[in-house]
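Here's the structure, in structure tokens; my notes come after.
Per-chain residue numbering starts at 1, and chain names A, B, C and D are given in the order in which the chains are listed.
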């Protein structure tokens, strides 16, 4: 999308406040690196707590931050009061995730009234070099007027 | 698959030992509930540490145990010494994951020499009732002769 | 789903009438083999018109009948006047599709108000033997009150 | 991928010759619009033969050309004599496919020895305007030394 226009001028504060409520992100040690209209980056430092049996970052941890990046990219373009839920996602793991940290860059491909398609590139960083390790596409739902499902 | 025959008679001990090395599973609080040829169940008690912003289990946590269940179901049928890696997966989230715990039931759909397809049903349990909350399909790769990638 | 109840008693005639309007199914030579609540089977005889370069049925042809089977399985449970559209699908090709004909068996996994998840097994038949060649999962949207989008 | 280097200098002739053998592409009326290293475009004029019940291009027809574009993009980077097979793909349908013709632009995201990830954007063209209607990601397998599976 070229220069999408957020409906909610408070989109960044809203994304950051919602992210802070995601217990899983704190458990993994992930944080928000960047928020802009239609785009959100999430970073995860590599630690034993997020690995699988061979010492790579677990596909589930990669998917977790990639899904949150996609979802929050979608939320930046939703109207105030609407909540975002993931309907489905698919992730291709292209290379073992190793290095100092992994970075998930989510961006909206198409924002619709009910469904939004977003895509996340995940790169592993080692010694300042980036390597593409995963690609996720997600369908996000806009939830409106549902009790308890805001942001 | 009907009654698949494991090549490795020590498949159960092997799956349990590999699972114990997955730092992420310990971080989330997940454990193995069942191992049989071509099938592995993983259980995750619900706690604030694995939730998203609305109080549901985060799609990434659901995907993490569903991916591990699929991967270990595949591993039960692999030859001794081979390692398993996820090439890709897709997950559909059917309902918010709430309740006392969620249970991921992975099973092999087709085991091939290089690629295995497995599918995981995830149910949420509340007061002894089960509800289907997610369906994952995964492509797993058999890795042989690669240093550091066993089990 | 266990014994889903169709809201529209005329579901079978409705599916068959809609299928007859799908130009692509006629072009491929596909036909409906069975319609029941939440389940639709579509059959495609093998012919050079649907093959790829190695003489197997093209993944796109496999996907076409698998998608239609999933979509019409979903339509059997939709209210009269509603139309069905595919939001997304994923297909795993498990073996080359060869033989006399291929058969796609679609069934609803979960019918929701807006989104329905359906799954299709595709088997190739040769000399009366069946072989599983593909597995598709699809998200279908219920379209209501949209001009031109009925059934 | 930035400027991928084809191993086979005859990649374009090879792709065109293989495409000519795909019976399905002829049946649908699709043709190759462009071949370059790591990228292949396929075009499909809109006709009743490829529609679904509402008059849109059938998701299966959209997927068919998107899958072929992804597969042939992958083939441009494969060694001489290797064949390409689709292991799996996922497609998101973003808008009804209408207009004069649809165009599938496939490109390689990452070429591996065994598995290649490719992505295809599909646009519908009407009166010279393009609209994004679908996004496909596919995993392609390189087949070597298998009788009958070349190109």
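The rule is simple: contacts are C-beta pairs under 8 Å (C-beta built on N, C-alpha and C of every residue); 3 or more make two chains touch, one makes a residue touch a chain.
This is a predicted model, so every value here is computed, not measured.
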Comparing A-C with A-D, the busier interface by C-beta pairs is A-D
The chain whose C-alpha centroid lies farthest from that of chain A is chain C
Where chain A and chain D are represented by their mean Cα positions, the distance between them in whole Å: 28
Can you check how far apart chain C and chain D are, centre to centre, with Cα atoms defining each centre and the answer in Å? 22
Measure off the straight-line distance from the CA centroid of chain A to the CA centroid of chain C, and report it in whole Å. 32
Note the residues in chain C that touch 2 or more other chains, in rising order. 87-88, 90, 92, 139
Between the chains shown, work out who touches whom and classify the graph as line, ring, star, complete or other. complete
Contact residues on chain D for chain C in the complex? 18-19, 21-24, 26-28, 47-55, 58-61, 63-65, 67-68, 83, 85-93, 96, 148-151
Chain B partner contacts - residues on chain D that touch it in the complex: 87-88, 90, 114-115, 139, 141
Per the contact definition, I'd like the list of chain D residues that touch chain A in the complex. 90, 92, 94-95, 109-110, 112, 117, 119, 132, 135, 137, 139
